[in-house]
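Following this message is one structure expressed as structure tokens.
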Amino acid sequence: MPGNSFGTLFRITTFGESHGHAVGVIVDGVPPLLDLSEEDIQKELDRRKPGQSEVGTPRKESDIVHIYSGVFQGKTTGTPLMMILYNQDTRPGDYEAIARLFRPGHADYTYHKKYRIRDYRGSGRASGRETAARVAAGAVAKKILAQRGISIIAYTLRAAGIQCRTFDPGVIEKNPMRACDPEAAEKMVERIRRIKEERDSVGGIVECRIRGVPPGLGEPVFDKLDADLAKAMLSIGAVKGIEFGAGFRAADMRGSEHNDQMNAQGFLTNNAGGILGGISTGEEIVFRVVVKPTSSIARPQRTIDIDGNETEIITEGRHDACICPRIVPVVEAMAAIVIEDHYKRQEAMWK
Amino acid sequence: MPGNSFGTLFRITTFGESHGHAVGVIVDGVPPLLDLSEEDIQKELDRRKPGQSEVGTPRKESDIVHIYSGVFQGKTTGTPLMMILYNQDTRPGDYEAIARLFRPGHADYTYHKKYRIRDYRGSGRASGRETAARVAAGAVAKKILAQRGISIIAYTLRAAGIQCRTFDPGVIEKNPMRACDPEAAEKMVERIRRIKEERDSVGGIVECRIRGVPPGLGEPVFDKLDADLAKAMLSIGAVKGIEFGAGFRAADMRGSEHNDQMNAQGFLTNNAGGILGGISTGEEIVFRVVVKPTSSIARPQRTIDIDGNETEIITEGRHDACICPRIVPVVEAMAAIVIEDHYKRQEAMWK
Amino acid sequence: MPGNSFGTLFRITTFGESHGHAVGVIVDGVPPLLDLSEEDIQKELDRRKPGQSEVGTPRKESDIVHIYSGVFQGKTTGTPLMMILYNQDTRPGDYEAIARLFRPGHADYTYHKKYRIRDYRGSGRASGRETAARVAAGAVAKKILAQRGISIIAYTLRAAGIQCRTFDPGVIEKNPMRACDPEAAEKMVERIRRIKEERDSVGGIVECRIRGVPPGLGEPVFDKLDADLAKAMLSIGAVKGIEFGAGFRAADMRGSEHNDQMNAQGFLTNNAGGILGGISTGEEIVFRVVVKPTSSIARPQRTIDIDGNETEIITEGRHDACICPRIVPVVEAMAAIVIEDHYKRQEAMWK
Amino acid sequence: MPGNSFGTLFRITTFGESHGHAVGVIVDGVPPLLDLSEEDIQKELDRRKPGQSEVGTPRKESDIVHIYSGVFQGKTTGTPLMMILYNQDTRPGDYEAIARLFRPGHADYTYHKKYRIRDYRGSGRASGRETAARVAAGAVAKKILAQRGISIIAYTLRAAGIQCRTFDPGVIEKNPMRACDPEAAEKMVERIRRIKEERDSVGGIVECRIRGVPPGLGEPVFDKLDADLAKAMLSIGAVKGIEFGAGFRAADMRGSEHNDQMNAQGFLTNNAGGILGGISTGEEIVFRVVVKPTSSIARPQRTIDIDGNETEIITEGRHDACICPRIVPVVEAMAAIVIEDHYKRQEAMWK
């Protein structure tokens, strides 16, 4: 099966290239009678759009969403929801120079090898712009989950080597890093500004917390809740790893230390990150993803062209020096899609 | 959809509980005319079976595989391959004591919450024994991949806080830890012996390397090769995280450092771990998974019973103090299933 | 994807060849806490088994079902149900003669072309025996549906050119044709006896009625309830067509005649066969399938061998002169699987 | 899973309501480097569009297709193809009157029962207009199949009680009925004109022939080629039955008559309709579907409103008196999608 769909009972299929006519998504499995407007979607898209701060790209994509089907008189009808964002502010001239070159860290080489043809303009289908479609779909999932009492927040936990030391959800949307610690956020911005001046980029870690998930979500043995979240996260271009709860620290831990003991009030710790045996425990679900440094940097790098000739490349253009703050809404969107899907699957089992 | 199947064109469905009649697997999508015998499968199963060393459990499961369909006169026929392993050496008496208790770190609580009934004997469906079915299926995938020139090896990279410093594939199957560094292996064994005496357990890290994968495998945007590998790995009970290539180190790296530059001979580095934009680059695929400490420990831990009453539990029984060496063949099996599936998907695209 | 699975939320995967070790099925998606025993399954299997009457084959397959997983202390656990039937009374000698020949009307030729290898013993995977696995799975679905107030009956409506003129569900299991009209049944038996003496076979029509289905089942636009029933029925080897409600008669009908008008008590007619726009209306679901004459006949027929040489073949062996009565439980089983699957899907939509 | 997708390796997902903003389709699994333009699609759409003749509706839908993704510089890129048709000539006033009534023969009642909300304008999602999206997707499949040497033609075999007596493929597109016999076509037109004057409608039978399919397509045991064709056809709103080859006539046939014998040149007959055991034989694939009379008729019919009150309804508007000629391209489109999908699946098996 081709790979542009995700989910089972709540299922999305995205389409579109960065500099083609549009990007968009069909969401199949939206329950009927949900109040839904373009504003519901737009507010999430605005969090992902470029041009929000100096750590990001100055590109202005309008990212205006249109709902073309599945809503009637302000309510969903149970039929497929198609949402589209037309592409604007495309400057093909920026990209013609690299039509024949493989930018290091980009998917240029692999798309060329896989498909023998690629829309090289702005990375085409491999562009981060494709995630706008996911954020639109995720906004629908988040709205449904909110009615179920489930909330999802993601934030930058670490960037440019600076770690958040405090966790204040109230500050996340108030600093350009979407960090959970305002002091760390300031340091991150400062350091990233310097890195940007050096024509370089840097990575980070985004953490996600999901509250209100009842125990019982996740389908052993393969469609475990953590397995599906891992797939969802690794399907985001810049993400190179994921860990749940204690995560990689568990490698050095003892069973007596890692096991989450219980008393009548519940679990005493949450090293499992809210998932045991692939099924939600009812505790907060906690995971972290590592975000690689943005591949596009305005420095000379060694590469080859499509004929195999060696050359150097400088990726000019308008790019994010650290993509973490813009990955945050994408992580939330994909997490929402997974949780909503598994919520329905669990309910269906008992019917 | 229920969650007991994995893969698309090469698709497995497992069944069975630890102390039921049998565990097994249907493999659908095996090409016809492949020479296949029970010996091909058995040799992989023997690597997973318990009782191989002092770091593992002394339980003796015979783990004898039977092929019941899909093979005729020594060759596969293209019809479903059903492989079964009957359960033996089951001692239900060991488990009756815990029928009403939730063992910390186990899936007891979540299965109880999800299904309101569970086969509590030996963890039932949540038992590591279910992975024997995966190893059987993976053995088929590995045999096919070998004919394609693709090899997969996994090994313990770290356990009980001890990291391998060298990488010698020849030693992996020659030490009880399946570590890639014989000196580290010795230290691991020694330390785990002490931990076992303390009635405790410990975690570790398993690394996997896949060689010979041509560029082009992986289906953007959701069924990326790394996304499907991540799902496969997180579907293994004890795995709590995964990272590709530079992995979590990428959080602190610069773009100029993380980007894998190219010359006419290929990539100069492999921070991407062999996957860019979700598609294989042709470089070695490298990932690591973190394995949590075995949950079953013979120490008193706080827990509750199914009526919510507080109590203490000591998980007696025969358990692995560090499960890494027995996870190794499971990691290889699941990786083989993912790679074979994507190999077919890529070939199908061009047909 | 390989083709040995069917269904989404209630999903079956069958395995096994007619003269291999066993045939069987994994059912994934059985709800937990359902009382289930081998007797529940066996009674349906006994309706399908050969040797029930003179119109059928005198072969005695014991068809004893074993449940190997998914049931604990007499109740389902929500984990995969594996059911197996060991093959017995296999006489390979009967089949060696045809190892290199293509029997007319059989799948020998197409399996040879598709797979380049085939287990020719008793038609291998293409044998009607594979449907025993479906009947086992269907027995589970029927048990669940009964609790939902949904009942399914199929019966021979026509065979050997004789049409039932009355409909009495009470007689179906009391005559060897499983016909709904006892007088027609007698004539059918008589005529088929003569056809059998002529070393020939004959076809028929099986009708199915499903009662108690609430309005709303079926997922437009592709997974319509009639579309999925059609797929299920055409997946039965001997079935060559299906029609719903007025069926092919609708070709000559006027809209004013075919449209089912309504009053406050419901629909005045049921030309739609209980399905409108792919969704159940709440009326009885009615469809008919045409069953081709059994391909195995003990008469000389022209054919070729696997090298293309012309020859004649006489299919000796023990075969059903009219397969309709044994198709009846298979039709019911597949219908039950479709209805249960869609029931869950409809429920899931509203969750 | 929601039901708006069809196919596995060649997979389509449609969206849109009749009188919403647009209808359209995402096609996933189109091979890269195929020359593809909007003209390729438009020519098929023009065959389906309304207003072509007096037997059809006088509505003028422009049905102009736009390709929004998946094509770059005139060639497909292997990424999802999104095609959209904006809705025009919508006259909501025509439909407000029936917002609260269930038109007999329509999906109004079942959509209301299933979703508790429906876009009643022009039947919304249940409109025949949704099939425009299928025809667009089918045009892509047909183009690929043509390169494989596979051709698909469908035509009206019977309408208003008149049967074609000759088969001349050259005349199909030259008469308004798309019948294969020009004399029968004339009679059909004449009779349908009278039926139309009587404010009534009538049904018919569409036959489809597929040439050039190699032996081996179809995946036993469930995804048989005929099973998937049956599902595809029954997913078309007006289709109420399907039969392959000899079809329902097989009910009265003997095995000696129905079996297709072989000589060195191939099959001597084609009662199987080109499919044995669910796998293509290499012979022409032949099937027929029954098309019910158009539900919308301008005669008073008894019905109820959404509150259950009895009333009468006259479905005014511009409707086809016999939908057969416009179903023809939809049948071809769905057949093409099935064949292309199975072609890829068969190729994938051998890779």
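General observations
Here the chain labels run A, B, C and D in written order, and each chain numbers its own residues starting at 1.
Simple rule for what comes next: contacts are C-beta pairs under 8 Å (C-beta built on N, C-alpha and C of every residue); 3 or more make two chains touch, one makes a residue touch a chain.
Chain identities (UniProt): A, B, C, D = Chorismate synthase.
Predicted, not measured: the structure shown is a model, and the values here were computed from it.
Common neighbours of subunit B and subunit D, listed by label, are A, C. Interface comparison, B-C versus A-B: the pair with the greater number of contacting C-beta pairs is A-B.
Note: centroid distance subunit A to subunit C, computed from Cα atoms, is 46 Å. Chain centres here are Cα means. That of subunit A falls 27 Å from that of subunit B.
Mean C-alpha position of subunit B lies 39 Å from that of subunit C. Counting only residues that touch two or more partner chains, subunit D has 1-5, 8-9, 14, 29, 32, 78-79, 114, 125, 220, 345, 349. Note for the complex: subunit C touches subunit B at residues 1-5, 8-9, 11, 13-17, 20-24, 26, 28-29, 32-33, 66, 68-70, 72, 75-82, 84, 114-119, 124-125.
On the side of subunit B, the complex with subunit A involves touching residues 1-6, 8, 14, 102, 104-107, 109-111, 113-114, 125-126, 130, 158-161, 195, 200-205, 215-224, 226-235, 237, 240-248, 250-264, 268, 272-273, 275-282, 290-297, 299, 301-304, 308-310, 345-346, 349. On the side of subunit D, the complex with subunit B involves touching residues 1, 8-9, 29, 31-32, 78-79, 220, 343-345, 347-351.
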